[in-house]
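In what follows, a structure is listed as structure tokens, so that the remarks can point back to it.
For clarity, chains are labelled A, B, C and D in written order, and residue numbers in each chain start from 1.
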Amino acid sequence: MDIAFSPDELAFREEVRAFFDEQFDDELVARLRSDNFKEAICEWQQRLHKKGWIAANWPVEYGGTGWSPTQKYIYETERSERGIPGVIPFGIGMVGPMIYQFGTQEQKDKFLPGILESTTWWCQGYSEPGSGSDLASLKTKAELDGDHYVINGAKIWTSYAQYADWIFVLVRTSNEGKKQEGITFILVDMKSEGIKVNPIISIDNEHSLNEVEFSDVRVPVENVVGEVNKGWTVAKALLAHERTGIADVAQSKRNLRLIKQAAEEEVNGGKRLMDDPGFQARLADLEIELMALEFTELRTLAAMSAGGFPGPESSLLKIKGTELQQATQELRMETAAYYQGVLPNDMDPEVLGHSWTHEAFRNYMYGRAATIYGGSNEVQKNIIAKYVLGLE
Amino acid sequence: MDIAFSPDELAFREEVRAFFDEQFDDELVARLRSDNFKEAICEWQQRLHKKGWIAANWPVEYGGTGWSPTQKYIYETERSERGIPGVIPFGIGMVGPMIYQFGTQEQKDKFLPGILESTTWWCQGYSEPGSGSDLASLKTKAELDGDHYVINGAKIWTSYAQYADWIFVLVRTSNEGKKQEGITFILVDMKSEGIKVNPIISIDNEHSLNEVEFSDVRVPVENVVGEVNKGWTVAKALLAHERTGIADVAQSKRNLRLIKQAAEEEVNGGKRLMDDPGFQARLADLEIELMALEFTELRTLAAMSAGGFPGPESSLLKIKGTELQQATQELRMETAAYYQGVLPNDMDPEVLGHSWTHEAFRNYMYGRAATIYGGSNEVQKNIIAKYVLGLE
Amino acid sequence: MNFDFSEEQQMVRDSIARFVQDDYDWDTRRAIVASDTGISDTAWQTFAELGWLSIPFAEEDGGFGGNIVDTMVIMEEIGKGLIVEPYLPSVLLFGGLVARAGNEGQRSTLIPSLIDGSTSGAFAYLERQSRFEMTDCLTRAEASGDGWVLSGEKVVVFNGANCNQMVVLARTAGDQWERDGLSLFVVAADAEGVNRVDYAMMDGQRVANITFDNVSLGAEALLGEAGAAMATVDAVVREATIALMAEAVGCMGTLNAKTLEYTKTREQFGVAIGSFQSLQHRMVDTMMAYEQAKSLLYKVVCEYKQDPDSADASINALKVLVDRNAKLIYGEATQMHGGMGITDELDIGHYAKRLMMINTTFGDARFHRAQYMEKSYAA
Amino acid sequence: MNFDFSEEQQMVRDSIARFVQDDYDWDTRRAIVASDTGISDTAWQTFAELGWLSIPFAEEDGGFGGNIVDTMVIMEEIGKGLIVEPYLPSVLLFGGLVARAGNEGQRSTLIPSLIDGSTSGAFAYLERQSRFEMTDCLTRAEASGDGWVLSGEKVVVFNGANCNQMVVLARTAGDQWERDGLSLFVVAADAEGVNRVDYAMMDGQRVANITFDNVSLGAEALLGEAGAAMATVDAVVREATIALMAEAVGCMGTLNAKTLEYTKTREQFGVAIGSFQSLQHRMVDTMMAYEQAKSLLYKVVCEYKQDPDSADASINALKVLVDRNAKLIYGEATQMHGGMGITDELDIGHYAKRLMMINTTFGDARFHRAQYMEKSYAA
């Protein structure tokens, strides 16, 4: 039982720090906040790729980093501490692993390079207007017509569909058997005729979500990943991948640090907020839960490195991690007092109040989705109850 | 919208205070704490009966007080504030109302006087070792043999069975139809042959609970209350009665007052516990919930006086009331620090630490049952979900 | 003891409810918030015509002479309908200050025009640094001839973007945080030296940061006694806080009702999600949270009615309880609506945002808990 | 980074688990607690024979030379088995004080007899008024000739009823609450002037209030330097607190396992109660609470192993988290067991009572949260 970093691991940490200090420069930060978000984030990912650090979870043979759990932990800690965005998940985190796990050699050759090089932007077609937690009830239909599938239906909550070159979609190819049977995982070019992207404005007044409509969209049969009608296997594997890292302890730690910084400046009746015992108590309770969660994550990482794979236990990280993210975001909002309510607009936030309150607002609002997506926390509890506790 | 007491109500409050001051004397208090609890509590109830105040919830025609909701509220507040025990519920609160609601004239004549005069001690035979929240699954069997029923089975969690002269029992008289059908409500003399009382020691190291075994116990058919096989109607009516008053806001208020008193004396490192902001915050949160619950209770009382009867809404009082009771008892235990753990014994508690810690211990331990009995809080939530929210 | 409403109160309640149903549906409200001013003059005129703007004012000022119960009834309905028009800042804050502290001339000039809707008022009390401490005031008014010269900045002024009159809290003596030496001034929004930066809050309110650059005020601008504003401010904010809590209770009740309805109709796994026991138990928790908040509101209103000065600790308590229970209720409402709960299109998220703003207005839960503790436990 | 146990640690763990299974079942434990002394000499002798009493002591003192991880392993198993014998007060507190502060003579006299089980030790530090403040000490030792005269009262001394030796914290200089001026003395339980009032705690422990009436002590009774006890006490209590938290984690894990098992077998409404979704979700919450407590324990142990002085804030944090999560776990265990959970016969309530005692030992959650806040946020 030991958590001391080895000399090699300490050296790795130095390398990560140096890389971030040099490559995540002010100019890039400014561009990430501008309208050119897509271009800027892709450029950042290309810098990571050049360094060989784009695919922490991939096997080395496909271009992964080959990092140990400790290295992943070090990398993520340093990244989040600096507020550096994570890799956009849809390519590297989601469809990539499905392609190298379930895809044909042709699919690997065709799609993996664009994912690694961040030249192809992917999005996810899972949920439907009628199917939320009950994913398997999906109705988007793909009918065989010669060597093409013809897709009709609609997907919803598709992040960044407006940027996407490709979408991976769960479609119904058969109505026979249980609802989980007859589902197929297929890759669709967003430029195909019949695709329409309808923006959804979320409660943060931003446009990142979309509905994607399919009207007689023709897709070649060779775009099916895995077996036809066996897409549920792929879907489940992807969800388990999605859950790892979702706890995002490092991000919550950063938020707590920023809260403390703000609370040292914020004053009420001449007294610093930071000196208010009620404020301190709430901060302490969050820090304490987070200290524990960090080690829960480390224990999971250690277990995985001992030959495991993200199992139902990752559901625990998802539930607790998102709960703490939201609690932290909430405290940050309250630290802003009245200014929490200022809607981000074109004016300099400093003119209106504080410089950091817009970030607090956006994080809080965007964070509301964290307990819903990737399998809602209720579904995660069902998974733990069934597969870990053995309750039926 | 007004809560001011009328002059009549203020006069009633004075009368209550004067009565308690005079009649709940020190000698009685000492006897209630002694081994002669049964005799002492019966004498107290007889004093109440003499005053005409024994049956606050009964109709006047059967000997009830005829009090308005406000009067009941005043009486209960004054009673609990002084730590005066409530009337033992099994006779006045439970079986009495069932007898005047569902019983024959002969049953009323035979049983009601002994209940009002506290000369008959009743106990309750509802739960069984195999049936907890699922009361209707009860198995204790009563078979007709001439003009007697012959009862076999066992009841559990029977409070004060060791004192009881009579027990009211739910028995199965038929196995046909739904499990709620075929249940009968019957009165049994505890002196009957074939009854055996097995003590259950609870976690407060006290003996108030029992298991009551029935082996070929013969009971005359005229002891059935209501219709044979229709006992479930009686059982449900009794449970609704049991829930009213169960919030016991006044008792929790008294506990908070005692906590504050103790916290003014308790010192840590030279600082009064009462001045600790963390302690104050917890106290404040409890007081605030309790302030609200008091008005929830008043709103319910007011609605009842406008012609209503305790409905599913009383489940809310039960849930929230018992939650707050337990939270208050817990805080009182923690106020006692190490002394919370001292097991009551024959020694003067003052010799061991504080005088009040034994009461804190007993209240806390006994209070664990409050969320379980009278229909567990889970069952209450099911009731509200179904009958108030309309969720099936 | 009774918790009944008078016939008049029931009529007012029903008439606002009918207005919301007929003339203020969700699409209408969305369009209003998206409009240039963010409020509807037509709606406001209706409020005036139906007499709602007159209710809190004394009969001698041309009002209806309503009491705190009337205000509660109105604000609860405003909460249910998520009405964005400035009843609180204009009628209760601006109007309340004028009614309490104004001399006959000020009252007779301003109150009738508030009641007929032609004056829209605001109360400028917050400053950049002040957080929840009203006495933390750096804006100053210096005596000058018969009148005053006002300088400083106020922020997040509710209805600041749309008001034509405002009451400004300014220091005429004393140092920052001092309770004595604060005064109230009536200032026209278009007075020379008044500059506004308008912006929107997450709940749809249009507010403003307002700078006063040597604004010349006549002697008649002073509202009440110089240096003694805080007694008036406390009294008005106390009543406005109760009103705000009534609005919160209205929001919470509607959120619960909408969520309950949704769980009965939304199907997952082939059944309504309201049939899942774990969700049922959580719906019971949100129902209890609402009932508890409503009960404590009733307690506060009854206490205030008997003696306004006696209700302060209970008001602190109510702010604490509403904060906690509102969070539970809007949290569960959002979660149970799934993705829909986080769209701008659906009303759920907007009720949540209004409740968040309410929770921070006039002091958040931590501020009020500390006040409660000070009042209840100080040695 | 690894969270693995050494082979020896696994062997110790397995051997205690086997002991509990074979020789310390629930009925045996009940009989022990109900016996005159409330502990089993036979069991204690087994602990000695199997070497468990020697593990924390240094090899030069005749011990096994174990570290904090070994102690954690032992205490977690003690928690699982609800073992009532005085490992914490005798081995870790009394033994820890002697091992840290004792000179060679004291160590060589006392430690071997602790290891072979013939000495049963206690640490008398609490006083009637002291609550959680160890320095709040009125018991005094006055220098007298070569030795000392000890007077005062200690309360709730763990293992006080059964110990034959104790270390007493007493003031040789300074005023109440002063950190300097406190000293440690080894006192035989049967020394003249030592009077004990024995009683039982709710978790089965036999404790004592002990008065010292001009007890004459030789010079050799002084443990460590006069007036400088607190550094030793802090170090020993720090390690004992981690040990206690390991015991708590053991209790919590077993409570969860027993409750889970019960929900799978107990039938209501024709099905196992574990099939109700609302209970399932609560079981997930208790599982998470256990895993979180275990994780934080691991963090503390790892930090302590690297540098004992660096772990204090994390230990405070662990006390806070264990308090909260233990309450959730024993609360749910009691509730889900229904009536059975509140009987003396079943083990569930006894795990709960042990956890309650653990939560109040060495300071409760409020005390430790305040310490954490002081360390982390003081300006």
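A few remarks follow.
The rule we apply is simple: a contact is a pair of C-beta atoms (placed from the backbone, for glycine too) under 8 Å apart; a residue touches a chain by one contact, two chains touch by 3 or more.
In this text, all values refer to a predicted model and were calculated from it rather than measured experimentally.
The chain pair from B-D, A-D or B-C that repeats the A-C interface, sharing more than half of its contact pairs by residue number, is B-D.
Look at the CA centroids: the one farthest from the centroid of chain A belongs to B. Spacing of chain A relative to chain D, judged by their CA centroids, is 44 angstrom. Our note on geometry: chain B versus chain D, Cα centroid distance of 38 Å, whole angstroms.
Centre to centre, using the average C-alpha position, chain A and chain B are separated by 53 Å.
Annotation for chain C: residues 277-278, 280-281, 369 touch two or more other chains.
Residue positions of chain A with contacts to 2 or more other chains are 277-278, 281, 378, 381.
Listing the residues of chain C that touch chain B in their complex gives 1-5, 69, 260, 263-264, 274-275, 277, 280-281, 283-284, 287-288, 291-293, 295-296, 298-299, 301-302, 305-306, 314, 317, 320-321, 369, 372-373, 376-377, 379. Note for the complex: chain D touches chain B at residues 126, 128-129, 131-133, 135-136, 155-156, 176-177, 197, 199-203, 205, 209, 267-270, 278-279, 327, 334-335, 338-339, 341-345, 349-350, 352-353, 356-357, 360-361, 364, 366-367, 369-370. Of all residues in chain D, those touching chain C in their complex are 276-278, 280-281.
Every residue of chain A that touches chain B in the complex is listed here, in rising order: 277-278, 281. Interface residues of chain A facing chain D in the complex, by the touch rule stated above, are 1-5, 69-70, 73, 260, 272, 274-275, 277, 280-281, 283-285, 287-289, 291-296, 298-299, 301-302, 316, 319-320, 378, 381-382, 384-385, 388-392.
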